[in-house]
Amino acid sequence: MTQTHPGPVLPGLLDTETIRKDFPILHRTVHGGKPLVYLDNAASSHKPRQVLDALNDYYEQHHSNVHRGVHVLAEEATALYEGARDKVAAFINAPSRDEVIFTKNASESLNLVANMLGWADEPYRVDARTEIVITEMEHHSNIVPWQLLAQRTGAELKWFGLTDDGRLDLSDIDRIITERTKVVSFVLVSNVLGTLNPVDRIVRRAQEVGALVVIDASQAAPHMRVDVQSLGADFVAFTGHKMCGPTGIGVLWGRQELLEDLPPFLGGGEMIETVTMSSSTYAAAPYKFEAGTPPIAQAVGLGAAVDYLSGIGMEKIAAHEHAITRYALDRLAEVPDLRIIGPVTGEDRGATISFTLGDIHPHDVGQVLDEQGIAVRVGHHCARPVCLRYGIPATTRASFYLYSTPAEVDALVTGLEYVRRFFG
Amino acid sequence: MTQTHPGPVLPGLLDTETIRKDFPILHRTVHGGKPLVYLDNAASSHKPRQVLDALNDYYEQHHSNVHRGVHVLAEEATALYEGARDKVAAFINAPSRDEVIFTKNASESLNLVANMLGWADEPYRVDARTEIVITEMEHHSNIVPWQLLAQRTGAELKWFGLTDDGRLDLSDIDRIITERTKVVSFVLVSNVLGTLNPVDRIVRRAQEVGALVVIDASQAAPHMRVDVQSLGADFVAFTGHKMCGPTGIGVLWGRQELLEDLPPFLGGGEMIETVTMSSSTYAAAPYKFEAGTPPIAQAVGLGAAVDYLSGIGMEKIAAHEHAITRYALDRLAEVPDLRIIGPVTGEDRGATISFTLGDIHPHDVGQVLDEQGIAVRVGHHCARPVCLRYGIPATTRASFYLYSTPAEVDALVTGLEYVRRFFG
Amino acid sequence: MYQDVILDHYKHPHGRGLRDGDAEVHHVNPTCGDEITLRVRYEGQVVADVSYEGQGCSISQASASVLNELLVGKELPEALGIQETFLELMQSRGQVVPDDAMEEVLEDAVAFAGVSKYPARVKCALLSWMAWKDATAQALGDAGLKDSAPKGRTA
Amino acid sequence: MYQDVILDHYKHPHGRGLRDGDAEVHHVNPTCGDEITLRVRYEGQVVADVSYEGQGCSISQASASVLNELLVGKELPEALGIQETFLELMQSRGQVVPDDAMEEVLEDAVAFAGVSKYPARVKCALLSWMAWKDATAQALGDAGLKDSAPKGRTA
């Protein structure tokens, strides 16, 4: 269905017919021949042939451990791995490739920052006299590391609340970010609400008080141009599997002087300069933060993914998703008893839409949609405080990507109507 | 060359002609048509077609984020990911699948243990009144995490020295492992010396004083049956890429009651039970220790790797490597000025042989071997204290695996003779 | 999966609401945040009441309703036997087709056989049953529970 | 990569051994553990001596020997120019084919062009050159170094 009719023509759409050919999984069917309508992109995206080819080529032709070998495979694997770092650095406009650290996922990236600050010397050190600021719309991966840091250092954890329409409540910003604040960490685009947050205002206030700024760009990097220089943050974290890349790879970008000053987190091979039994010195960043054999193939795959995304153009991807999202918001407004949790218009939001449907539990909504071949996510989406804030146990979430079509939105709406009838 | 003539027939060899067909990379040539003689398996092994197929099948047919979805792909991806855990648990004879934690590599596994113990309550807590014991033959990944832990807690770091013939010097065991020792961490098979260490004796002494035992099985799990129950350790760490699996995946096995008692390390999605802004409770092991989207495809690939290895049989692989190693030790003894660093006979050793060649620097040995298509590793192999111990800057290391042939040993010996002439 | 019996229990739950009890537990399904508060009341070895409240999907709601219908009035050993049979069915990954003997034990609960094919939903179906077991252990003590375990099975 | 010139320098190194100097540095190549201890002595702006000792492969040994041969006796600005040209060649990943002008500056050191194709070995070739620059900065101060930087290039 979605293959033959992309659905209504909206301005700004990509040529999804061509793009979808790159993604093998989009051609499979489920539940006895139903075409797959994959609207769970905020959880994880699919991988184009180009990324799978890069992985296969790596393993079939060039695999070796990196950095220390003098043989052909070691040279080739190192060049591919470090080449991926160059690609990612260019993708986020990093001033230096040495500012790009490969981790296993965004969660590790955020834990890495929290741990660096917990073990740091002044002026960065988080301790009992200091405060950490996050927001109520964070993913658990940007909550729990800071709770652990607060517990272990005695620092106070504070957060911005949310407005009824799904935005950060910054009215109290000067009381929340204070002279005692050492670090402010927030999500660029919420994985539940879809909200795009006002970076400038938060960065300005954080800089006023000398706090470091960490941005969780996990839901932004796949969908829009993320320029670490224009964001003005000190650290930016994101994850490969949501942006057409493999699982098992994440990125932490950090400002060079910080990476030089801050202590290592994981210890081991690769991250050292010299080791004796009693003490060690560490390599320069980014290696200082990459202990052990890195996710080599996964970095190569992520490099292929950013090539793929850049080839299409991040602006065009953003425009496509914006068009789809507006169309979806319009169409979902037609469904009785459907309540959107998060911004209800297309401004300053990403392509993720959470909603409730009367008092039908999201598990049931999701299951009955699945029987029709429509994949959405249900639950608290690893951001339970958002559900608590809006007094709901869970939501159903539809999230789009560069290969999503208006016809898939139509399928969702038809599916939801069926769900209502089913439980009516 | 190696394809057509496997070389001398030795008792116990596998049918490498058939096995090598499974490994695409073994058919590539280097430096203008020279067949690849890959003797760098201790750094990383190659991947059979079966593992690459599992990865492709996963991404092309089943990829999704795991655990929380109610749609087909999420169910399938979860079943594959958790199925991989079952396979790994069976591979190491774990009493329970819940004792198998997926990490990004062995280094993370070892850091995870060190951090758990640093943040633990009594009786596990490592603090200033306690001691940590390692050995002089550890990989940096089993040294630096303990140095960091010692620095951060004030604990004392102690270690076993080495004998001249490359074995642990346990003569002082009762003075090194004492009542104050909280943890003893050591390598099962050394990645430089090849030594297979006497587990029983160390475990017995550690249990006498109530210390936990951590075994770094990174160089053992790929090559021999590792049975966590018969080892008697509390934690066992190893890494996927050395055992035919993908990069980006490691394993930590831990005894269930310890995993229940010990605190989490990385915080984030997946590892929680409930989260509010001010505090969280954690899921049961293994999830408590798997923050964020796990290396899903990599776990699936590792599952396929252990299927592959088990299909051949770990005993048979060990016998094959033993035969190759004895043959290599014999042949290398013919090379003038060649000094083996580590055990010179086949007893209690793995398939890794380090050596020096007169005063020709290992870099030069490796480079000139590479020009002949022979890939060895040179340097300190992330175990610099071993080099310091034997008063050498570095070694050349040849390491074998299930696809290695006697002909490759012959090629190495011929290559070394050429190296001697070249720098003679 | 959505058998009429299940939808029926979902729309018209049995014994919903919290009443007096000997023990109360609160269980959470961490994968979705569903919650149940459940109380048990015993009269000797007899399950006198199971009362509950919570939020959850049709499967977890219907399952709690079925539990109430099946277990209230039963002697503990029999109730434990039913619980175990239900557990076995739910953990069968769609492999067990309920036979007559199982249907006699589980009655309406055999309708959940289809759910066992969906691992993500098995937890929903088991939420109240796990809570009941836990509450019973609290009310009677682990020992009491063990003594009552049905013969030939392990709890 | 193993040009005769390189093997020659390796087997018969120039100026090896530690002699008096104005500053001494110790550099390590973390990827292989190779080490060099290097001293510089200046007479005014003239590189009066570069003496060194260490362990390393033929490439790093030969490179230190070539450095000694090339730089000793030169005025600092010229020496810095040579160092930068060598750096440029080594970082060219085999892309720069030394022309006559380069050969005039680098003399024997052009033999290292082939090494630049092997990233793992570039560090070996640069070990002594980085040590020399560092030692010079210590001997003359960063400022002295900057003043002497060859025109039209940045250090």
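Chains here go by letter, A, B, C and D, matching the order in which they are written, and residues are numbered from 1 within each.
In the analysis below, contacts are C-beta pairs under 8 Å (C-beta built on N, C-alpha and C of every residue); 3 or more make two chains touch, one makes a residue touch a chain.
Remember, it's a predicted structure, so these values are computed and weren't measured experimentally.
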Report summary line: Co-neighbours of chain C and chain D resolve to A, B
Query raised in the report: Taking each chain's centre as the mean of its CA atoms, which one is farthest from the centre of chain B?
Result: C
Query raised in the report: When the C-alpha atoms of chain A and chain D are each averaged to a single point, how far apart are the two points in Å?
Result: 45
Requested in this report: Quick one: report the Å distance separating chain A from chain B, using the average Cα coordinate of each chain.
Outcome: 31
Query raised in the report: In whole angstrom, what separates the CA-based centres of chain A and chain C?
Result: 39
Requested in this report: Mark out which residues of chain A touch at least two other chains, giving numbers and ranges.
Outcome: 68-70, 74, 272, 274, 363, 367, 378-379, 384
Report summary line: Among all residues of chain C, those touching at least two other chains are 31-33, 118, 121
Query - Those chain pairs that satisfy the touch definition - result: A-B, A-C, A-D, B-C, B-D
**Report entry** Touching residues (chain side chain C, partner chain A) in the complex
**Finding:** 1-2, 7, 31-35, 55-59, 61, 118, 121, 124
Query raised in the report: Which bits of chain B are touching chain C when the two form their complex?
Result: 67-70, 74-75, 78-79, 272-274, 283
Report task. Would you tell me which residues of chain B are touching chain A in their complex? Result -> 24-25, 28, 30-31, 36, 38, 40, 43-44, 46-47, 52, 55-56, 59-65, 68-74, 103-108, 110-111, 119, 136, 139-145, 147-148, 152, 157, 159, 239, 241, 246-250, 264, 266-272, 274-280, 291-298, 363, 366-367, 369-370, 374-379, 381-382, 384-385, 388
Query raised in the report: Across the complex, what residues on chain B touch chain D?
Result: 361-364, 367-368, 378-380, 384, 387, 393-394, 422-423
Query raised in the report: For chain C, which residues are in contact with chain B within the complex?
Result: 28, 30-33, 118-121
